[in-house]
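Take a look at the structure set out below.
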Amino acid sequence: MSEKAFIIQSSPHFQDKDSVPKIMITVIIALLPAVAASVYFFRLRAIGLYISCLVACLLTEAIFLWIRKKPFQSLWDGSVVITGLLLAMTLPPTLSLELAIIGSVVAVAIGKQVFGGLGHNIFNPALVGRAFLQTAFPVAMTTWLPPVTLAVDAVTYATPLGNLKFQEAVVQGTLTPIRQLFWGNTGGCIGETSAIALLLGALLLITKKTIDWRIPAGILLALTAFTGVFWIAGPDKYASPAFHILAGGLLIGAFYMATDMVTSPIYSKAIWIYALGIGIMVGLVRLFGGFPEGVMYSILFMNTFVPLLNRTFKPRILGERRRTS
Amino acid sequence: MKTKTFPHGIHPPEGKESTVEKKLEFLPPPEKVVIPMHQHFGNPAEPLVKKGEEVFLGQKIGEATSLFSASVHASVSGKVLSVDGHNHPLGKPVLSVTLANDGEDRVYPEWEETEHPFEFDPDQIRKKVKDAGVVGLGGAAFPTAVKITPPKDKPIDTVIINGCECEPILTADYRLMMEYPDEILKGAELVRIATGADRTLVGIEDNKKKAFDLLHQRAASYSAEVFLVKTKYPQGAEKNLIYALLGREVPRGGLPFDVGVVVQNVGTAKAVWDAVKTGKTLYERALTVSGDGVKEPKNLIARIGTPFQAVTDCCGGIGEDVNLVIMGGPMMGLSQWNLDVPVIKGTSGILAWSSPKPTTEFSCIRCGRCVEHCPMGLVPTQLMKYVKYEQLPEAENWGALDCVECGSCQYSCPAKIPLVHWIRLGKNQIMSQKRKKSA
Amino acid sequence: MELVAIFISAVLIQNFVLYYFLGICPFLGVSKKIDSAVSMGLAVTFVMTITAVVSWLINNLILIPHDLGYLQIVSFILVIASLVQLVEMFIRKISPPLYQALGIYLPLITTNCAIMGLALIAALNEYSFVETVIFGFGSGIGFTLAIVLMAGIREQLDLADVPESLKGAGIALIVAGIMALAFNGFIGMLT
Amino acid sequence: MSLSARMILVLTLVGLISGGFLAGVAKLTKERIALNVQAEIEEAIDEVVDDAEVDMLVYEEEDFVIYKELDDEGRLAGLAIQATGVGFQDKITLMFGLDASLEEITGLTIIDQSETPGLGAKIEDWEDFLQFWENRDARGLLTLRKPPVKTIGELLPTEINTITAATISSKKVLEIVNLSLERLKELIKQEKISVDVEEEDGN
Amino acid sequence: MATKSIRAEYIKGLWDENPVFRQLLGLCPTLAVTGTVITGIAMGLATAFVLILSSLVVASIKKLIPAQVRIASYIVVIASFVTIADQVLKAYFYPISEALGPYVPLIVVNCIILGRQEAFSSKNSVGRSFIDALGMSSGFILALLVLSSIREILGAGTFLGYEIMGSWFKPWIIMILPAGAFITLGILLGIALFIERKTKRSE
Amino acid sequence: MTELLIPTLTMTALGFLFSTGLVLAYKKLRVEEDPKIERVSLVLPQANCGACGYSGCRAFAEAVVNGEIEANGCPVGGSDVAQDVAAILGVKSGEVIQKVARVHCRGTHQAAKDRGAYLGISTCYASHLLGGNKQCSYGCMGYGDCVRVCLFDAMEMGEEGLPIINEAKCTACGKCVDACPRNILGMHPKSQNILVYCRSEDRGPTARKVCKNACIACGICVRACPDAIVLENNLAVITDYKKIDPENIPEIEKCPTASIGRLREKADE
C-alpha cells in the first residue's frame, strides 16, 4: 500500500507527564538548600567532597554502563547525582578526598551496579558507600571539625550525638542547644547539620508528592515515642525527642534516604512497618548501642526487609476474598 | 447528590471539548463496505453469502456458529464483491464480506415491528436480540443475547446501564444519551425483563451533568434510577462501576453474574430496543472521530464496514503529520497501521494524532504509582517483571489474569514502561500454556 | 537478663551466618525461595536446639568428668549425625506433612557446620545447661532470620538485571556482606 | 551376617578403632598442650610483674584470679591479677600486675579478646596503649585520656590513653581493671587473702 | 566412567572443579579464616591433611561398610583425623591454633571433605583417591591463598605479616571483617564465573 | 592404661549405641518408597549442597525419580553422575529418528514488507499480539524468541531477520517450536531434504503483495507430485517427504516464489 504507515503500539496512548529524570531533579533541587548550608558552614572542605563524590560516582556509573553495553541515558537521569550528593552530605568535613572517592566507587559499584543498575538495587547506594567507609576507615569517619561559623579553634570537635554518647552531655549540661541544631551551626557530617535547610527541601518533596509522607512520618513518630518515654522517665539522663530529631543524620535520613523509592516498600502497610522499624532502631542504637548514631544502620537494616514486606503485604486484588485473620 | 466512586484509578485530561456539543450525524454510506465475520467476543460467524449475490440492508450475511458468537448483517444493500481475508482493526486479517453499495438502502423485508415489546417474555427478547446480532457496544463486544441469559443458579437482581464513558476524548455515548434518552431507558427495561432483575441503575460520570439531568428526569417513567459517579478513569469498567454503585465486589476471575448484576452500555441498550421494537439488526453504531490530527472532529453514526479512510474523509481528512491512529479511546484503543480497516461493532471512536514523541523507557524505580492507581488492586510492576523474567506461574498468582488492561498503571508510570503490553503478553502466554496443558 | 542477652546476641549480633560464617552452604543453597528458606530455618532451629541439649549432656556428663575433651569432635558429630537421621525418620513416620515441610531439609543439616559450630562454641563458652539451650535456640532463630531475609532479597533479584557472572552465589555473597554491615548497627548494644 | 548385624559391627568397630587411636594421640600431645596453656599465663605474668620468679595462685574465681609473685629471694615482687569482663563485642580476659606496695600498676597485657580486628583489637597490640599502662597509680580510680597522647609524660598518673575509634574497648579495659582493684581491696579487707610474705611462708 | 590421566585428576581440583570457586563448597572456613594469609594457609594445610588421610582410609575400607552407616562411619573417620590435626596444632603451633579458634574442629563438617568421600573415594581406588584429594586440597589452598592475600593486603597493608603497602596506605579495616570477606568472595566468584564463561565461549 | 581404655570404651559404646539405634529405627520407622529414589540417592555426591535447587541430595533424587528435573541436574556430580542417574531411571537414548528444527519462512527484510513503525516490546510474542511488525501476519517477526529459549546454543538470528539453526547442535528439544507464536518452526527428520518455506494462508494475491517469497498456492508443486503435496488453506503442504526426491522431480523447483524446495544454506537464495 502506498499510503503512510502509522505507529503500532500497545494501549494506553496517553501518558502522564512526570518522568524519572523529573523526579530525580526535584530531589536534587530539594537538596540544594542543605548543600548551600553545608558550603556555608564548611566552605572548601564541603566543596571538595561534593566535587569528588559527584565526579567519582558519575565516572563509576559510566564505566559500568560501558562494560555492560547499556545506553548512557541513565547517566543523565539524575539518580547517580543524588547518590553522589547524598554520599558527600553524609561524610565528615575532615575526610580526605581519596577516601570520599573510594566511598563513591563502592556506593555505585557495590551498592547499585552489581544489582543491575537503576531500580534493581536492594540497599540504598549512598548508605552502602557510607557504611563501607565507616567500617573501613572508622578513625577518619569519626574525626570532626567545628563549622567555620563557630569560633572554636579546636582541631577536632565532638558532634552533638558524640557528646551525648561519650561525654554524658545531659548530665554535664553540655548538650548542644536546639537552636544551634536547627540552624546547623554545629559539628557533624557536612549535609546533616542544618535542620532548617533540610526541612525546606523536604517541604518541596512532600508537596510535590515526590516522596511518600508516611516514611518520614513513621520514622519521626517512632523515634519521638521511643526517646520520649525515656526522656519523660529520666530527663536528667536522656535527651529530649526534639534533640534526637534535630541532631545527627535523622532528618536527612528520614526525608531523603529512607524515602528512596527503589529501596523502600510500595504498599502502605509495609511502608508503616518499614518506617516505624527505622525509627525504633535509631532510638535503640542511639540510646543503647555502641555507636552515637544509627540512622545509616537502621535504614540499611530495614532495607533488607523490604522485599519480604513487599511480598507479605501485597494489596488485596479487587474481588479477592478478604483474608480472615 | 453525592457522587459514587471506587478506589484508585486516574484522572487523565478529558479532551472532550471538541466534540461534546457535536450532534450525532449520519455518515453517508460509502461505495464499498467490508464486513468482517469476526467482530465480537467468541467464535467468528460463518458467511452465508457468495460472491455476486445481492443483499438487502440489514440482511444476515454471517451466521453465529456457536453459543459464544454473533451473527453479522449487511450494512448496505448491494452486491457481494468478495468473501476473503481483509485487514481488521484487531491486527490480523479476518474473513470478510465486501459489498458494493447500490445506494438504495433496500431494507431487509423480514424485519418485524412489535407493538408491545414490554409484554414479551425473556426468551422472546433474547431471540430478537440474537437475531439482530447485538453485541456489547461498550468495548468487549460480548454477544448481548448471551449476557442477558443468566445461568440458572445465578439470579440477577440489578441491571446497570453504563453511561460513564470514562475514556478521554470520546463523546459518542454522551450524544446517544442526549439524543436518544427514551430508547436507552426502554432498552434498559427490556434487558431488565430479560434478566429477571428487580431494578435498573444508570451510572453517569459527573462531567456529563446534562445527560444525567435528562435521564434522571425521564427515568421516572421507567423502573430505573440514575446516579452520578465521579469523573475518574476507569469508572466505566464494569467491576469498578459495580463497586461504585452497589459496593459489591465481583470475585476474582468471576463475572458480574456472580454478584447478581448485568452491565450494559447505553448504546447496547438502544440497540436492544431497536432490535426488539423494530427488528432492526445491528448494522450501524455511534462513534467519535477526534484527535488533533482530525480536521473536523465529529460524532457520527456510521455503518459497520465503512473503511476508516471513508470516515476520516468525511471529517475533513487527517493531517499530514498524523502518525498514530487509534480505534477506540486513548486509554484502551488499538493503534492502526493504516486506514484500510473497517468500522466494526466495537469501534467507539477513531482518533488521529500527530507525532506523540516516542518516550524513553527507564528501569522501574518502584515508585509505586502503578500500584497506587490500579483499579483492580494489582501490582503492575511486579506482574511486568514476572512476565519479563518468565515466571508465569508467579504472574498468575499475583493476578495477571485479573488485569482489565485499563492502562491506568502505564499512564502514571514515570519510567514509561509499557506495563500493559507486558501484562497482556503474560496473560496470553499463561492462557496459551493452559490451553496446551488441557489439550 | 543474662539469658535475654545471650538470645539477642545470637540472633542479631553474633549471628551465626553473618558473624561466625557458619552454615554458609545452606544459607546460599536454600535461599532461593522464601518458602524453602523458612522451612530450612525452622529445621535448623529445631536441630540446633536439640543439639544444644544433647551435646551439653555428653560434654558435661561424660567427656568433662573423664577429662576426655579431645573426644568432643568425634562424639558431637556422631551424635548429631545419628540424631538428625533418627529425627528425620521419626518425623517421616509420624507426620508426612511435617516431613515435607521440615524433614527433607534435615539430611542437609547433618553436614552443616552451623550445628557442629554450635556444639563447639557452646562448649567453649562454658554455658550452663539453660544458657546452652537458649544459645542454641537463638542461634537457630538468627540463622532463620538471615536466610529468610536473604531469600526475600534473592526472589527480588530474580527479577533484576544482575550481571550474568554475578548471578547466584556471587550476588548473594555481596548481599550477605551488606547485610553484615547493616547488622553492625546492633553491636555494642548489650555491653 | 545380616545387614543389621553388619551395621552395628562396623560402626562399633569404627568407634573402637577411632577411640583407641585418639586416646593414643591425646596421650602424646596432652602434656604439651597443658604446657602451652601454662606457658601463656607465665609469659603474661612475666610481662606485667618485674622480677617474678615464683608464681603462687592465691585466689581463684571464674573471672578473677590472683597470683602472688615472689622474686628470686622469696620477697614479694607484686601481684598478677587475671580478670575477665565484657568488652565491646565479647569477653576480654586480661592480666595486670601490681607492685609490692599495691599502689602502682606495673603493666597490662591482654590474654584473650574478640574485639573488632583493626579497632578494638588494638588493645592487644597497640604499643601506645599497652606501654602507657606501666606505673599507673592504683590507689584511686583510673580515667581515660581522650584524644590519645603521644608520650607518657603528657598523661597524669591516673590516666591511660584511649585508642582512637575504639573508645569503648579502651573504656571496657579500664573498667575491668578498676573493678579488679576494688575487688582486691575488698578481699584484703575481709582478710580472704593476705599479701604478707612472712605469713604465707608460715603456712 | 572415563578414567582421567593422573595429571588431569589432579589439575581438575585447581580450576574446573575447584571446590570453592566452582563447587561452592567449604565456604565457611574460606570466609572465616582468611583474615590473614598465615591463618588461611594453616587452615588449608590442616584441611588437606584431613582430606588426604581420610580419603585414603575411606578408599581402602569402602567395601566393608554397609550403605546405611556409610555416612556415620565416614564422619567418624574424618572426625578422628580432625581431632589429631587439632591436637597437633594445639601442641606444636599454639598461636595459630588460637587464631583459628573453633574452625579447626569444624573441618569435620567442611562439605568438601565429606563430599569428596561420597563422590570420589567411596568409588575409586586408593591411588586415584589420593590424587583427587591432593588436587582438591591444592584447589582449596589456592582459593584460601587468593582470598586471604587480598584481605590481608587491603585490610592491614601487610602480606604474611610484612608491611608491603607503605605508610601512605590506610588499611581498609572492613576487609578483615565479615562484611569484607563476603563482598570479596562474592566478587571473586563473579570473576571466576566470568573467566569460565569467556573461555567456554572462545572454545 | 585407663587413660587409653576409657576413651576407647566410650567411643565403642557410642558407636554401638548409635548403630543399634539406627538399625532399630530402620526397622521400625522405615517408610516405603520408590526404591529408585534410594538408588539414585546412592549415586549422588551426597554433598547436600543444595546447588541443584533442592534441599539436598535426597530431595533431588526424589525430584529426578518423579520427573521434576533432568538427570543432569546435579551440578556437583557432573556428567558421570548424570549418566549413572540416567541409567537407573532407564532413560532411553536409543532408536528414535533423529529430528531437527527447521524454519518455515523466507520473509527476509527485503522480501517481506513492514507494517508501520512497531514501538512495542521487542519480542516476537509481544509483537504478535499487536499484529506483528510485518504485513504478512503469518511470517517470522525476527525478534528471536526462539533463539533465546534454545538452551543448546543451536540458533542465532541471521542478518536477514530470520533465525538460523545449527543442525549439528540442535537436540530436537522442541523448545523453539513452542516458543514461536507463529509456528514458524517445525520439527522434521534430519533426512528430510525438502521443505515448504512458508506458513502464509493468505490467498495468492494478498500473500504475494506482502511478501515476495510467499507461497501463492499456485499448485505447480502439487501437479509435479500429487502423491505427496497438497494445498491446504492456500498453502502447499508436504504429506510424505519420502516420496519426493528433488533430484527426480525437478518440477517442484519450478515454484515461482521458490517457497518449496530443497534445503538451502541461506533463506534467501
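By written order: A, B, C, D, E and F. Residues from 1 in each chain.
Rule of thumb we're sticking to: a contact is a pair of C-beta atoms (placed from the backbone, for glycine too) under 8 Å apart; a residue touches a chain by one contact, two chains touch by 3 or more.
What you see is a predicted model, and the numbers here were worked out from it, not measured in a lab.
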item: Intersection of the contact lists for chain E and chain F; value: A, C, D
item: Pair exhibiting more inter-chain C-beta contacts, B-C or A-F; value: A-F
item: Chain B-chain D separation of Cα centroids, rounded to whole Å; value: 86
item: Whole-Å gap separating chain A and chain E, where each centre is the average of the chain's CA atoms; value: 41
item: Gap in Å, rounded to a whole number, between the CA centres of chain E and chain C; value: 21
item: Between chain A and chain B, centroid-to-centroid distance (C-alpha), Å; value: 49
item: Residues of chain F whose C-beta touches two or more other chains; value: 6-7, 10-11, 14-15, 18-19, 22, 26, 47-49, 51, 115-117, 119-121, 126, 129-131
item: For chain D, residues that touch 2 or more chains besides their own; value: 7, 10-11, 14-15, 18-19, 22, 25-26, 88, 116, 119, 168
item: For chain C, residues contacting two or more additional chains; value: 25, 28-29, 70-71, 74, 78, 82, 85, 110-111, 161, 163, 166, 171, 174, 178, 181, 184, 187-188, 191
item: Chains touching one another, given as label pairs in label order; value: A-B, A-C, A-D, A-E, A-F, B-C, B-F, C-D, C-E, C-F, D-E, D-F, E-F
item: Chain C residues within the chain E interface of the complex; value: 18-25, 28-29, 70-74, 77-78, 81-82, 85, 110-113, 115-117, 120-121, 124, 163-166, 169-174, 176-178, 180-181, 184
item: Residues of chain B defined as touching chain A within the complex; value: 10, 12-13, 168, 239-240, 243, 249-254, 322-326, 328, 330-340, 351, 353, 356, 359-360, 362-368, 371, 375-379, 381-382, 398-399, 402, 405-407, 410-416, 418, 420-421, 424
item: Residues of chain B defined as touching chain C within the complex; value: 363, 382, 385-386, 388-389, 391
item: Residues of chain D touching chain C in the complex; value: 15, 18-19, 22, 25-26, 86-90, 116, 168, 172
item: For the chain F and chain D complex, residues of the former touching the latter; value: 3-16, 18-20, 22-23, 26-27
